[in-house]
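First the structure, which I've put down as structure tokens, then a few questions once you've had a look.
Letters A, B, C and D name the chains as they come in the text, with residue numbers starting at 1 for each one.
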Amino acid sequence: MIIVMDPNAPQAAIDRVVGEIEKMGGAAHLSRGKFRTVIGAVGEESDIDQNHLASLDGVEKVVPIMKPYKLASREFHEDDSVVEIGGGKTPKISVGGAHAACIAGPCAVENEQMLYKIARHVRDGGATILRGGVYKPRTSPYSFQGLGLQALKWMRACGDELTMPICVEVMDTRQVEEMEKYVDCFQIGARNMQNFDLLREVGKTRKAVLLKRGLSASVKEWLMSAEYVLSQGNRGVILCERGIKTFEDSIRYTLDVTSIPVLKQWSHLPIIVDPSHAAGKRDYVGALAMAGMAAGAHGVIVEVHYCPSEAQCDGPQALLPETFKELMGQLKQIAAVCKKEFAEVGEAVAT
Amino acid sequence: MIIVMDPNAPQAAIDRVVGEIEKMGGAAHLSRGKFRTVIGAVGEESDIDQNHLASLDGVEKVVPIMKPYKLASREFHEDDSVVEIGGGKTPKISVGGAHAACIAGPCAVENEQMLYKIARHVRDGGATILRGGVYKPRTSPYSFQGLGLQALKWMRACGDELTMPICVEVMDTRQVEEMEKYVDCFQIGARNMQNFDLLREVGKTRKAVLLKRGLSASVKEWLMSAEYVLSQGNRGVILCERGIKTFEDSIRYTLDVTSIPVLKQWSHLPIIVDPSHAAGKRDYVGALAMAGMAAGAHGVIVEVHYCPSEAQCDGPQALLPETFKELMGQLKQIAAVCKKEFAEVGEAVAT
Amino acid sequence: MIIVMDPNAPQAAIDRVVGEIEKMGGAAHLSRGKFRTVIGAVGEESDIDQNHLASLDGVEKVVPIMKPYKLASREFHEDDSVVEIGGGKTPKISVGGAHAACIAGPCAVENEQMLYKIARHVRDGGATILRGGVYKPRTSPYSFQGLGLQALKWMRACGDELTMPICVEVMDTRQVEEMEKYVDCFQIGARNMQNFDLLREVGKTRKAVLLKRGLSASVKEWLMSAEYVLSQGNRGVILCERGIKTFEDSIRYTLDVTSIPVLKQWSHLPIIVDPSHAAGKRDYVGALAMAGMAAGAHGVIVEVHYCPSEAQCDGPQALLPETFKELMGQLKQIAAVCKKEFAEVGEAVAT
Amino acid sequence: MIIVMDPNAPQAAIDRVVGEIEKMGGAAHLSRGKFRTVIGAVGEESDIDQNHLASLDGVEKVVPIMKPYKLASREFHEDDSVVEIGGGKTPKISVGGAHAACIAGPCAVENEQMLYKIARHVRDGGATILRGGVYKPRTSPYSFQGLGLQALKWMRACGDELTMPICVEVMDTRQVEEMEKYVDCFQIGARNMQNFDLLREVGKTRKAVLLKRGLSASVKEWLMSAEYVLSQGNRGVILCERGIKTFEDSIRYTLDVTSIPVLKQWSHLPIIVDPSHAAGKRDYVGALAMAGMAAGAHGVIVEVHYCPSEAQCDGPQALLPETFKELMGQLKQIAAVCKKEFAEVGEAVAT
């Protein structure tokens, strides 16, 4: 940690900072420049309280050197983590390292029949994990909020029948216990990325956690949210880039593929992209999925509907089954260039 | 609602859109331009499903004309709302219209003694509502997370003793029931602005709700979150601008005072500013508080500490008691220019 | 164009708007909703002055429906434009449609020898157009500002010798006339994207123009800048996405690949990506180049240096020659998936 | 400057960095932590090439400690600078320190009569400097581009007659020489903030320079642009905050009043705000002007028109003369709270 002193900080202020660093178990190295003194605090950075040092008189700013997360960092776990989703009646699907996965399905589960129909379509197109919302985070209290537990049971039955593990969004700490009985992977939505109590609760389970990036979360904040889950003992975290807010208004969100090489350098966790929510419009979904894979992602999560104009939410961004299938063909080629491989559906059938 | 068709949308697509609008109870007005057809959908905009229309073939985009919120809108309630905080052993403090209020106190309640000491300081400086965190949303799982229920009880006792209503942050739906017994005002933090289940739960109580703006929430999304609370029957919503994320890295957040005149045009709800969290550094707090009041805010929420270097969180942004007092003097002058008045502490003592 | 009236706009205000639209040669279609009246202005949208209508009493907002650019639009030119760079002693390299191109070279031309050395490296690696800065836009007046005319002459000679057309940045209207004698492609830097006089001047030449996106320019503003060049009669505009400013501070800029499918829908102009300036760090350049091509770009512009630590500017982002060569191999594979082809250097030798 | 090494940088890489720092005339201080080595480079920071150090093997990142600007910094000039605008037939108006100024007038000079009419209105309302555009930076090549030299002459004559110094935007290096004969203050528009050649040219004159902030420029980049002007010997730089781009779409730009206290800490230069261009809509102009003054600005620049619906550009944001006059009354009160004073028009009449 580097402590930059004000240009006219008196010696007493410098001494105080040095004393505080030593009190916290660190060692202080002074560099006196022409204009100001800079103090390097060496030791376990987590023992040294940045906030406290920044509060002391004469301190201009404190620059942390170490990353604030540990379990999520590449230093902690040098190799790429591979997270497994599924088990029981479905195969385990690996995500991470050389393993890419496609998660697909409807935005929201609207009834049993449409769920099965779409699930068959996406399985046929090459998806190996089924997604479907049962509790929907809607910006309007007047919009469709999801069918809840009944839809969750359909998801489980459908996943089992088609041998696809299921990924479902959780929104409230009070849902975790019941949902854990059904899902293979909890999804944490972008708006809940810093719902710290929810992160802690899913961290206590042993199901995989798909952690979407907040709409304006920095890569560092995102990894800190992953750290909340990891710190509870759950190592199955998969990051999901889904677009960030920028000034650009021609598209719903800006898919930040730039975060992918950064994340891969800083962390061992797998990362996938969600082109559907970024695009908000089906015409753009394919290009964004391709870009994400080419940037090094370990897969995609995509919304598909056989009749988007009937969808109760996010119809405009849902791919048609045939477009989805075609896209998967291209994504497999991109994955090959990037030395990754999508699980084959055939392989994925449990015995 | 305006539906813009693709330049080469066939007549059948136009007919389908018209048909769907009529099915939803609306009327469709066509404008055929040289290059494309534009369809105006007239009727209760809430009955017309934008999403559904956007999914139809040949539709380029849908432009909503009406605001998506109702209870939060100026159309619904033409005069400024005045929200009252407190009652029981404390006076009721009004916020909204010509009534400005200052909420102040420590970032987190660290022990009983510091709470009382700071509470006396802020009361002496001119604050009429006491703030203090007992559950702290921290980006790191390894940081101090607050003292919970014990601290909440201290807050209540301290508020009662000093006749100041109290405002405390709630983070989890599971905390609402217990907290309701103690607080006068629930605070919803920026990171929970779209924690929809939490919004609904505080909406079911009849305590005031201070709703902070999410770090990248648009004014419209913010009002939609207010709508969640209002739609449950709780009309005591106060909005709090606390800084948004931009590319600027010289300060923690950009206090968006620009949102204030917009909000006052669109909504009747009171709005206050939080200069402490925006600034992140005490040197800048005063200027931001002044700017917020001058832009038309109904008050401020400020963090104060008599010894910031001992604070367990956010010490660098805490004002010293004497600086706070001086600032309040200036804020009262600004309020007078803007035809608002801060409640006097003297008046505020309950009998 | 859609004119949304205030909820309580009087009939006279509505009549005035209708009158003004008709005065401008348009026709007005009224939709009277429950709360407000919406007026559709039909006619040549360019004849109808949005600004003027927005200034009228009782107008809440004006929503344009047509794009404000013409020559840059897909409606004006349905097929992808193919821009040719070069001629004379070098071959003509095509960019656009199925033709992808790689532009590479040093950030700045520092001396004759380094230029030739790097040029040979990038030609060997697969680049067919040579880049190199001779006037450098530097944020600090104390930084190296480029070698000017002398360096430009070296660029020309080197390009001719290696049969590579050259692309050089122009910064000032006063440079255009002299530079036109030497360059095959003018580069307009991000910070000059809205230097309208400069756009007009290069628009008067008949050399290709590589137009970088401003650091916070929307896609629409970018196309309007292209329109400035096109409106002077120069049809050789190539767009270049080079990263935008966001709140994210882990990387220099966020390469907005999301803009690529949008641009391809709205415009016929070719688009390439600049991963070097977005990344700011060589480790991330490859992933961003790959993502850009996979999103549908028509090529890349990349900085290469055989000894980055000796470079006078932007050394940290320069690729080493061997990394560049390897990357080009992968980019060719991605291009094939996207049905594009990079020009072969062999083919490119003029006779 | 702090150089952070990679966790596994070998000793040779550390030695190389130390050697390079010493070669540049600096001294290197090593702090070896548990995970990595951090090197402090002490000496004239401007002598130490950050870019070069960042290019060396084993360097993770370089953190500059000193500000990159000099002449613009508070360290260079401890007291607030006061810039004088005018002289000759008009009085000199001071801006900076305790002196606030109001610059007002039409967006664009459309004809002689409207100019005089508006000039009289704004003088009557309390403005002491006259603004008016003669070259207009328009995003569309098809929009009104200004009347050029003829309008400039009207501005000069009008300013002389009403004893108001004039402030006029310059767009092109080729305009500087001629304009210098007429203007008292050059305005550099937001889109030209990093038009470095233009900055240099106005820096060579001895007229005041109103430097608008770029739409996505950081405070640091803005001060670097000021440094370009200052480095040519022109000390008359006034900064102008005019709104930045954010994700918020309810208003044209977000007026970043947060930049004001930051700028005042970092720099001695005066700073004013432009609420008209930020708001884009007259309803919001007053609140933003008030907020800017309360945050500590040294004045405002405002657009006024007696008949906004006739304005050829930016009519919707122009204040009516009576609203302007009323606003000035409030701004004077805010200025008094902030210990600043607007020049009286009466005083300002030259003899």
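Brief remarks follow.
Please note the rule applied: contacts are C-beta pairs under 8 Å (C-beta built on N, C-alpha and C of every residue); 3 or more make two chains touch, one makes a residue touch a chain.
All figures in this text were calculated on a predicted structure; none of them were measured in a lab.
Contact with subunit B and subunit D alike is made by A, C. Averaging Cα atoms per chain gives one point for each, and the point farthest from that of subunit B is the centre of C. One finds 27 Å separating the Cα centroids of subunit A and subunit B. As a whole-number value, the distance joining the C-alpha centres of subunit A and subunit C reads 32 Å. Computed centre separation for the pair subunit A/subunit D is 40 angstrom, with centres defined by C-alpha atoms. The residues of subunit D that reach two or more other chains are 216, 245-247, 249, listed in rising order. Listed in rising order, the residues of subunit D touching subunit A in the complex are 2, 4, 7, 29-36, 38, 40, 42-45, 63, 65-66, 75, 216, 245-247, 249. For subunit C in complex with subunit A, the residues that touch the partner chain are 216, 218-220, 243-244, 246-251, 253-262, 265-266, 278-279, 283-284, 286-288, 290-296, 330, 333-334, 337-338. Listed in rising order, the residues of subunit A touching subunit B in the complex are 46, 51-52, 54-57, 68-69, 137-142, 171-174, 191-192, 194-198, 200, 214-216, 221, 224-225, 227-228, 231, 245, 308-309, 311, 313-316, 318.
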